[in-house]
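Heads up: the structure comes next, in structure tokens.
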Amino acid sequence: MAGSTFGTIFKVTTWGESHGPAIGAVVDGCPAGLPLDESSLKPYMERRRPNGGKLSTKRVEPDNVEILSGVYEGLTTGAPISLLIRSTDQHSSDYDALKEVCRPGHADFGFDAKFGIRDHRGGGRSSARETAARVAAGGIALIALGRLGVRFRTEVTAIGGVPFSRTEEIDALLDSLKAAGDSIGSEVECTVSGFPAGIGDPVFDKLDALLGQALFSIGAVKAVEIGDGRKVSLMRGSKNNDPFHAECGRIETVSNHAGGILGGISNGSDIRIHVYFKPTPSISLPQDTVTRSGENIRLGIRGRHDPVIAPRAAVVVEAMTGLVLFDGLLRNMTSRMSLVEKFYRLQ
Amino acid sequence: MAGSTFGTIFKVTTWGESHGPAIGAVVDGCPAGLPLDESSLKPYMERRRPNGGKLSTKRVEPDNVEILSGVYEGLTTGAPISLLIRSTDQHSSDYDALKEVCRPGHADFGFDAKFGIRDHRGGGRSSARETAARVAAGGIALIALGRLGVRFRTEVTAIGGVPFSRTEEIDALLDSLKAAGDSIGSEVECTVSGFPAGIGDPVFDKLDALLGQALFSIGAVKAVEIGDGRKVSLMRGSKNNDPFHAECGRIETVSNHAGGILGGISNGSDIRIHVYFKPTPSISLPQDTVTRSGENIRLGIRGRHDPVIAPRAAVVVEAMTGLVLFDGLLRNMTSRMSLVEKFYRLQ
Amino acid sequence: MAGSTFGTIFKVTTWGESHGPAIGAVVDGCPAGLPLDESSLKPYMERRRPNGGKLSTKRVEPDNVEILSGVYEGLTTGAPISLLIRSTDQHSSDYDALKEVCRPGHADFGFDAKFGIRDHRGGGRSSARETAARVAAGGIALIALGRLGVRFRTEVTAIGGVPFSRTEEIDALLDSLKAAGDSIGSEVECTVSGFPAGIGDPVFDKLDALLGQALFSIGAVKAVEIGDGRKVSLMRGSKNNDPFHAECGRIETVSNHAGGILGGISNGSDIRIHVYFKPTPSISLPQDTVTRSGENIRLGIRGRHDPVIAPRAAVVVEAMTGLVLFDGLLRNMTSRMSLVEKFYRLQ
Amino acid sequence: MAGSTFGTIFKVTTWGESHGPAIGAVVDGCPAGLPLDESSLKPYMERRRPNGGKLSTKRVEPDNVEILSGVYEGLTTGAPISLLIRSTDQHSSDYDALKEVCRPGHADFGFDAKFGIRDHRGGGRSSARETAARVAAGGIALIALGRLGVRFRTEVTAIGGVPFSRTEEIDALLDSLKAAGDSIGSEVECTVSGFPAGIGDPVFDKLDALLGQALFSIGAVKAVEIGDGRKVSLMRGSKNNDPFHAECGRIETVSNHAGGILGGISNGSDIRIHVYFKPTPSISLPQDTVTRSGENIRLGIRGRHDPVIAPRAAVVVEAMTGLVLFDGLLRNMTSRMSLVEKFYRLQ
């Protein structure tokens, strides 16, 4: 059934296949009066766009976002915002040989099992290209969060376990992967500061629960950690608990093992997220696999693919985080009757 | 806003505070005709129930589930199933001293920041007691899955990094924690076999995305891994991809690094989930913290608390996984027009 | 699938069958800090309760509402509010003869066609008794609306086409119905004043659209009108449009044919709703019908039934209207970015 | 907040303003394998399209629907279907004079009160043009229903109370309205046959409740009736109940006062719906109204407007009905555990 919509108040629906005429998103529930135009989304799109370098595919598209509705004279109107990104550089014939194949590490087999039909070109609906629509939609949330003083720092932290700062080592690794026709896993960290305390809805819509859904919904993510993540399983409570401290009426935690979220609600400390990506499943090295009709074959995938996912996916992590956090802020506005009463007296 | 409901077709709403007269859940959307009575939920409740041993709190309640609606003559009727668990052994006065305190590692501060009011007794709504209602509701999903041939194996894998099989080492660790008034982190693994391929809804309602929400919605979970989890970030594609193989018309993966989910859709292999818990935040060792009015204090928590979370939480992990998987199966039934047509001709 | 939940932010889930041990509702998303106790719901429950008079069934129950969660020291906490109403006066044996029968005008046949199983006692899930849970839940919304200055006037306007004010004529009509073992249709009007302009969400969640769902979800409602209702189909635009007029900076409509809603958004004028009920389907006069196994039979229904629906259903109309309007107010709080910014600076 | 999405499994989101570059809809959750191309939607679009005759506006656009995603080689794939309708004949300057005006009978005042900003051109988001996107999306549901043997008959029944069959009288009425610069109310009836029994979800998602939402979400609808509608309020139970009769194992009602729905569930009889539209609010006759700044003015609306709403809205009624009914069929597929078990053994 339907699974292409995310969010409760700030609601995003994406659509589109890798090699269709366009992909896009509809953002419904954006508050009116937010300054927005096509250029304001460009910085986010640029971070996701392949740049033709060692880290990314040779498929290079401008990825301009057209805003078809919901904005008037440079401001959002409260009506749904339709975002359109035209496709310009599909090489569908690259995929002719894959029409009947279930590529290892891909959703092909699952789509066949579920729907019995599939647009195989470029991975169709399960292509990472779908995330361009998320970045455009998430960009709007990030712009809104920026106005509220929330700041993001999102970085590739490691590739194949090598810290991203060791540039030369990374460079050599990528060269060897290219030579071998192989790919490699990677990691992204996202830190959010300036996010207020009290956001997140017990019990199933905890802030970290919705982050969990948001981040695992990015293809190739196989692990998500909040704060110290899996390391907390090794810790004693006396070391892992973050003491609260009050200074001039302001309450803060002294340490931040929790990553800014306790019991599913933000506590005002930095929100820290760590995401682990599997290696790109499309590799040119030959692999054993099957066709849809159940024939065992040996497959080498041609086409244009990133050897590693994190560099272009970092902004997708940020966009999805932004969607959760901005929606969380909006959801929180009805939490107290006294503020509901004040709101309706204010107007 | 509302956050106490989980699921799309098989929908669970929980309610209740730790020291209120009862807690419970309403399960709406359960198919009619499923054999169910109060005794069928008992095995699940027993696994979550404190047993008074080294691993758990001294608060011991029978946790009998009463079914108030939705079942007639031993079968579900399709009407909402109301599940009630009465409280019998609250010691609310244990918490009198905590009324004005923000306990470190707990949601107290967040609830205050959000709602400005809070039932502090036993942790109120953020108490782990809420998970008893989840286990009752999830138990129904697990019973239904059992009829479809889906099997679960859920285990505590480690406590404080010590494999759970090393019983004596664990025993010594718990003794030393008790002596020190401290607690420790832990891990749970859940493996699901017999789950069909093709389940999960692209793109935001991927099977792993909904598992991510479900599992992070359990208090104290700080990391979730699917399949090989974070280890995939170290792998090459040629090693991480699971080759497909066809044998007598049946397609399977040869290895299972992916943990049974590719592109958010199940592929018929075992679903493997690993969850990491922080140490119980309630410890008797003194900690620095604050009161609601912003006074810095030093706090030692009395009361009855488990020194480690995983042993009683394992069944909660299984229950939440069951909710996602059974809902996924139901959601999938409308995926193909040919099956819709067949369904309405069948009847 | 699940259909027992109503609302988006202020979310109500009802459960329970007519002759089960209890019925109830869970209200999730109620803002914290609303004064509430069991006695505050009593006036609403009293209006729905059978009083043993000419207009209502002889089944008389106290319909006390127990609040099991979500309220602490007389205030809502933001946690889900569980409401329980115990059954005390079921006569299940009255229904033994109906176990295999599809009563005309009832949902029996539909439940069988859908679920293949049914709790027939007292109508089971489709009994009007379910509305007691709605009144309890809706009562909370009505209390909250009262604090915001919103006032309701809900009246039975006619029975069998006879204006309710003509008491003697109504009396004679009811006597003749009783003698004949028959029932009669009826009407209810609800007028809401003091409701602010600007509430309602284009395009599918228009205020009147959600009222339409809410009111048609009350069993036996067969027509709903907003404002002048069907009469507008006879009108010219020049007569039907309500002119706006400004006086001392306050804009109001001069007439109110629209019933306070234009384009799905409230305009500050009174909201006027008219609802039409069919006659009670349970009558003692003999009727032709069938059994579940397809036998044609002749049926006279014994048991305790109201001869007319509106008198006890008026408060249900008010409760459902209250749910839509309070949820609409909460939904509206995120409509403008400037108010979102002010909210987060305010706190 | 977000209000532009309708449906639970078959989910439609519309977007777009009257004078923007395009309007559109995203249909998520359509079963895979449904034959669909752009030409299959044309017949529905034609019925909504202005034809330049007496009954409709002079704004004439081709209203071609482009399918941007979700269809591959003539079949739906289960991925979201993006539908785009470009605008070609806007005369935005017609609306320059209305920028600061609250037109009587329109949503202008409400949008201002809610959002504080508004795209006034052609009515912006509240324009009836939005319904073109609904017809395209609803057309897909109608095509699917057609394959399942469900048939629709939708007709304008009266204009200004004059039965639509009296062509000459209608003609004279429209001439007089044109001369007077006025408009008139109207009625539409929709009858659905071949729809199976057992569809609709108690208690809030009753089939008639969701029809109520769907139909009142069409701008200008002020009354909705199911079956005999308001007339049932005048009836006795003995006359209004539809007796069931069994013939060769098939159970049917002998009469159909209920309009095919009992207790919110279909009973296999024809579903009958009657909808009442107010007169078009845009008239050239001068009216009293206000500006946004609160000045009282006298307004005559120029521009191109239908004098009566029903003729072009009939297909919108059918489309919205189709959305509810097809979604209802899909929702029903998980109602029985025995059919869930059969489904997973079948595959």
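Assorted remarks:
Each chain gets a letter, A, B, C and D, in the order it is written, and its residues are counted from 1.
Methods note: contacts are C-beta pairs under 8 Å (C-beta built on N, C-alpha and C of every residue); 3 or more make two chains touch, one makes a residue touch a chain.
Just so it is clear, the model here is predicted, and its values are computed rather than measured.
Sharing over half of its contact pairs with A-B by residue number, the repeated interface among B-C, C-D or B-D is C-D.
Of the two chain pairs shown, A-D and A-C, the one joined by more C-beta contacts is A-D.
Centre-to-centre separation between chain A and chain C, using Cα means, comes to 43 Å. Averaged C-alpha coordinates give centres for chain C and chain D that are 25 Å from one another.
With centres taken as mean Cα positions, chain D sits 36 Å from chain A. Counting partner chains per residue, chain A shows two or more touched chains at residues 1-5, 8-9, 14, 29, 32-33, 78-79, 111, 114-116, 125, 196, 198, 202, 330-331, 334-336, 338. Residues of chain A touching chain B in their complex: 1-6, 8-9, 14, 102, 104-107, 109-116, 125-126, 130, 158, 160-161, 177, 180, 182-187, 196-206, 208-217, 219, 221-230, 232-238, 240-246, 249, 251, 253-254, 257-259, 262-268, 276-283, 285, 287-290, 294-296, 331-332, 334-336, 338.
Of all residues in chain D, only 8-9, 29, 31-34, 76, 78-79, 144, 147-148, 196, 198, 202, 329-331, 333-344, 346-347 touch chain B in the complex they form.
Residue ranges on chain D touching chain A, taken from their complex, read 1-5, 7, 9-11, 13-17, 20-24, 26, 28-29, 32-33, 68-70, 72, 75, 77-82, 111, 114-119, 124-125, 330.
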